[in-house]
Amino acid sequence: DFENALLEIEPAFGMPKEHFERCLFGGFYIFSERMEHLVKAGNLFCEQVRTSERTNLFSVLIQGQPGTGKTALASKMAVESDFPFVRMISPEEYVGFSEASKCNAIAKVFDDAHKSPLSCIVIDNIERLIEFAPIGPRFSNTILQTLLVLIKQVPPKGRRLLILATCSMPEIMESLDVRSAFHSVLSTSYLQHEEIVQLLKGHIEDATPAKLYASEQQRQSNRQRRRLFLQ
Amino acid sequence: DFENALLEIEPAFGMPKEHFERCLFGGFYIFSERMEHLVKAGNLFCEQVRTSERTNLFSVLIQGQPGTGKTALASKMAVESDFPFVRMISPEEYVGFSEASKCNAIAKVFDDAHKSPLSCIVIDNIERLIEFAPIGPRFSNTILQTLLVLIKQVPPKGRRLLILATCSMPEIMESLDVRSAFHSVLSTSYLQHEEIVQLLKGHIEDATPAKLYASEQQRQSNRQRRRLFLQ
Amino acid sequence: DFENALLEIEPAFGMPKEHFERCLFGGFYIFSERMEHLVKAGNLFCEQVRTSERTNLFSVLIQGQPGTGKTALASKMAVESDFPFVRMISPEEYVGFSEASKCNAIAKVFDDAHKSPLSCIVIDNIERLIEFAPIGPRFSNTILQTLLVLIKQVPPKGRRLLILATCSMPEIMESLDVRSAFHSVLSTSYLQHEEIVQLLKGHIEDATPAKLYASEQQRQSNRQRRRLFLQ
Amino acid sequence: DFENALLEIEPAFGMPKEHFERCLFGGFYIFSERMEHLVKAGNLFCEQVRTSERTNLFSVLIQGQPGTGKTALASKMAVESDFPFVRMISPEEYVGFSEASKCNAIAKVFDDAHKSPLSCIVIDNIERLIEFAPIGPRFSNTILQTLLVLIKQVPPKGRRLLILATCSMPEIMESLDVRSAFHSVLSTSYLQHEEIVQLLKGHIEDATPAKLYASEQQRQSNRQRRRLFLQ
Amino acid sequence: DFENALLEIEPAFGMPKEHFERCLFGGFYIFSERMEHLVKAGNLFCEQVRTSERTNLFSVLIQGQPGTGKTALASKMAVESDFPFVRMISPEEYVGFSEASKCNAIAKVFDDAHKSPLSCIVIDNIERLIEFAPIGPRFSNTILQTLLVLIKQVPPKGRRLLILATCSMPEIMESLDVRSAFHSVLSTSYLQHEEIVQLLKGHIEDATPAKLYASEQQRQSNRQRRRLFLQ
Amino acid sequence: DFENALLEIEPAFGMPKEHFERCLFGGFYIFSERMEHLVKAGNLFCEQVRTSERTNLFSVLIQGQPGTGKTALASKMAVESDFPFVRMISPEEYVGFSEASKCNAIAKVFDDAHKSPLSCIVIDNIERLIEFAPIGPRFSNTILQTLLVLIKQVPPKGRRLLILATCSMPEIMESLDVRSAFHSVLSTSYLQHEEIVQLLKGHIEDATPAKLYASEQQRQSNRQRRRLFLQ
């Protein structure tokens, strides 16, 4: 029956680490100084979760317009964290789920994370997860509330958790008071023409050399590619 | 069946005292005169519940922006009350619950409290418990009504109850007439720049020495910390 | 089954007389001339129900801001009426009830009252009973309609009923046309500064001595209190 | 012409110190511990403005229900500050003024204050000054903006300013974002029944003796009053 | 020109004492116990204004359905106060006035009152004065604000003022926060059938004899009329 | 006439450099790593305007909650830019102005800036400049449109302009599409408890020494302060 079926699929919830590679398929380039800052901030956050004496939870909202690399950035941070438990909560997994099943599935990912000493959860595309439609506006309040609670839930003693969430509607996140649930916010954006010119002229390379952050297992093979390497 | 299952888990509702320690994980510091006043007010309220001849119920709303230490302050007050029955009603416990089950679980905590001579209930994050979303706005009226009734319910003779509730949306609490259900309101806030400078210059230390309230298990190791004294 | 179970617990609905004592726990003082008038009006209403040749129903709405003593006043009136059947309909009894069960439980209290020659029903906190929330606004229309009908229902011949209802949102009662369902309205209010000064100066004591109405079990011990006299 | 006429009456804007005495006509009593705390906080703020090395501006919002003594408290603080420049901006001065004239008159009071080394401005009844009506709601945005700007305007070097504002609609102040313009908020409230009983029993007198702050001209004759002491 | 014209008619604003007689044309009867209480309360308020040591202002809102005698009651109170300055602010005076002229005219009445040691102002029919229309709803906010300010304005030292206002839309007064501007509220209502029967049976006469309050100059001639006398 | 009068006072619009010192009255401290990043970003932007070959305009929106140091940061950036033309457009200058005069005055500052080779304009408190009130919401669209146009207006050849704007309502800026008018966004925020603990423990001092940026006239006297170093 349904109850049993649910129990069986539950362990599968949350996209595993392999999924992240797919989001980084084309490699991850550092096109601008701003992006370099984002990557550095990401590393800092991982470090903070790993070592802080005072808190075992850190949550980051990555916001920016569609296609500006939010999912890529989150994936990169998750992969490079090298945390033993890494999962992505992605709307594509929950197509056709009822509100209640979605909430249970999402909560399951957090429960699993709380069993690992060091975990990283990526919540991709919050506005899709809460089924937001601008006309109305409409959204699933049940899922929203579940997310807000889980994001703030402190892991049990000895467990540490980094939460990375992406969204492309910052003003909706403000209005729904989602933003204030996060410890930090990173903003991605399109390259300005000036930055592209800098990039083309090689200025970026000189000033702050464009670097490649490959996930660990691919790093060696990528060494020879010129200036911008594929993952 | 469901009814039986529910009965069995009910006794587990309400985070027990150990949970509070988690909310005080990093210790509790007194950074400013205002915070010292809050702590003193808290002690006063505990005393009032313990000794008042005329009332056996006292309820306090702790409000302030996210991260200003509302849960920490409530936890500290609850732990230091040394009341035999101390429970936290926290939204994270009720993820995936129906409205009715949530209400029952919350009422159960109050029922249990009414069986102890001296009890303290922390209702953490009211706006999450009532599933408030600013767009609409939407919220669970059933849970709101349940809370409003329980907060005002006078304990039976010989029982005394202190209620501490936290929320970060004061204007919503006003609009929903939640605020007037409480006997007193405490407001937490961020440190102003002036206060930080005072703190750095050691002025706070002179006037009212910055004190450290560590949770029980950390108290010993904290003894040596510079400029921060054990309570 | 559920229906039977419900029938069995029904006789328990409505807080019995002992409950009123709890609402008068700290004694009942007369702080001002206005409060003395309220108490006198209350006595008058009791008398009217007991003796009127023309009507066997009288209903009073007691309104005032939170904590101004509405429940205390209603309890005092009910206790001092000395009517054989005295019940309080209080929202705390119905936590977790469905709308329909609440309506049934409330109607049961009236049915019971109609079996006694002289009854007094206190309907405490109408806005909580109808689950009113100012945002929306939302409320249970089913419960509202039930109350409006019951309040106006004339008891069978030979039965007499006094209804005392309390509410703290007069403008809502107006808007919902609840107010016009009552024969009379009493308004409680906070003491004005001028009245407190009068009280302190002993002027109230001279003009109309401040009296103390203690609940039965406390009456003896209160005899010696200074400047506050037993009724 | 109008311009000239305006210039001539401008110096008269802002109720002078004598006006405050009228608001303290009946003397100022300390009825409860909470009120004593308010008065102490007031003294602290005065001291802070007088001596702070880092800021020459401090603004306090005094909120509470009608008749809870907001104007009295602000007047007392202003009078006891002993600052050379003390003015009240009160809606009754501006009856029949156009929006623009009102703004000019209010700005004039601040300009004058900026010419004195130590000033205190009381802005009485913000919701009346901005002509707020709950239905609509309606208000003068021009006057609101003017107030918000003036309240935050830092006085010139060597000038120090304490701003005390009163309002009785806290939820409106939140909604209009007025509250966040102030450095601190004080809340007045009605006495609870418990406090009145304490007062009558003389408990307040023992713990913190009920004091009387009479306005200057009444001080002598008040000396003999029972249980109420001159400050 | 307009300015001069205005100055000339200003002294005429406010219906003088003679006008009140018109509102009492048919005499003033006491039909019920409740009305007797209203009249007694009225006398008490007059006495309070005349003699209070602590306040020189008292304001009463008389509310009730159309035709329940609000204007009659206010007129009676005003006439029997025997205060040297008695004026009625009545909407019929201001037909065709602009908002600004209306405000000026109303303020003029208060200014004049402040020049007499003992004054009584009747503000008749507030909802008409503020030009309230339920659809919209619409009303003159300028006039509303002016009234709210004037009603709360404390008279200068040595001057005493009683304000009596009538309105027949209590819920609007609540919504516009007009009610809280008054110190006290009196409610008039239609006679219930029971009261009429009591009256006819002469019960009222026995219990509390129906009294006649004639205006001073008519008192003598009215002496002989039986039980209910014409004015 | 009016036009001429306006021209004559116009040269005074825009607070001159001295005004910035007032906003830095108490010195400028670096309390956290995040603040250090903000200051570095600021320096970078100044450098970019001074040297960019491709653009002579750069605009930065500094957003954050009230009192988080937006004006202080902008002032510091402006003062340290050492640009020959530095002006602040501040709402306090325009109290009592009509919409049109305000727009003219603001445009004048930009016109003046366009005459200097290197200019920096601080637009302080955008929501106040556009007279934003959350209820309605209301704002001056005329001023908003003026600002949006001026912010994007490219200076004439050979002129370079840095625009720094502050606001404390990011979601409003989003909704009004103001944010997208800027090249970059900096966010200030309150210190988190963790950061304060780091600061107290001296961790910040070790990692990135807490520095003090005093305004010119205070620099000397500040040399000796403990643990806070001059820039």
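For reference, chains read A, B, C, D, E and F in written order, and residue numbers begin at 1 within each chain.
Please note the rule applied: a residue touches a chain if its C-beta (ideal position, glycine included) is under 8 Å from a C-beta of that chain, and two chains touch if they have at least 3 such contacts.
Worth saying up front: this structure is predicted, and the values here are computed from it rather than measured.
Participant: What chains, if any, are shared contacts of chain A and chain E?
Facilitator: none
Participant: With one step meaning two chains touch, work out the least steps from chain E to chain F.
Facilitator: Steps on the shortest route: 2.
Participant: Could you work out which chain's C-alpha centre is the most distant one from the centre of chain B?
Facilitator: That would be chain E.
Participant: Give the pair among D-F, C-E or C-D whose set of contact pairs overlaps with that of A-B by over half, matching residues by number.
Facilitator: Selected pair, repeating A-B: D-F.
Participant: From the mean C-alpha coordinate of chain B to that of chain C, what's the distance rounded to whole Å?
Facilitator: Spacing between the chain centres: roughly 32 Å.
Participant: For chain B and chain F, what's the span in angstrom between their mean Cα positions?
Facilitator: One centre to the other, that is 39 Å.
Participant: How many angstrom lie between the centres of chain B and chain E, each centre taken as the mean Cα position?
Facilitator: 50
Participant: Considering chain E alone, which of its residues make contact with at least two other chains?
Facilitator: Residues 54-55, 175.
Participant: If I apply the definition of touch given earlier, which pairs of chains qualify?
Facilitator: A-B, A-F, B-C, B-D, B-F, C-D, C-E, D-E, D-F
Participant: Considering the complex alone, what residue numbers of chain D touch chain E?
Facilitator: 22-23, 25-27, 65-66, 91-92, 95-96, 125, 128, 131, 133-136, 138, 168-169
Participant: What part of chain B is in contact with chain D in the complex they form?
Facilitator: 52, 54-55, 170-171, 174-175, 183, 185, 187, 192, 194, 197
Participant: Chain C touches which residues of chain B in the complex?
Facilitator: Contact set of chain B toward chain C: 53-56, 100, 103-104, 107, 137, 139, 141-142, 144-146, 148-150, 152-154, 156-157, 172, 175-177, 180-181.
Participant: How about chain D: which of its residues touch chain C in the complex?
Facilitator: Where chain D meets chain C, its residues are 26, 29, 31, 65, 67, 69, 72, 190-194, 196-197, 199-202, 210, 225-228.
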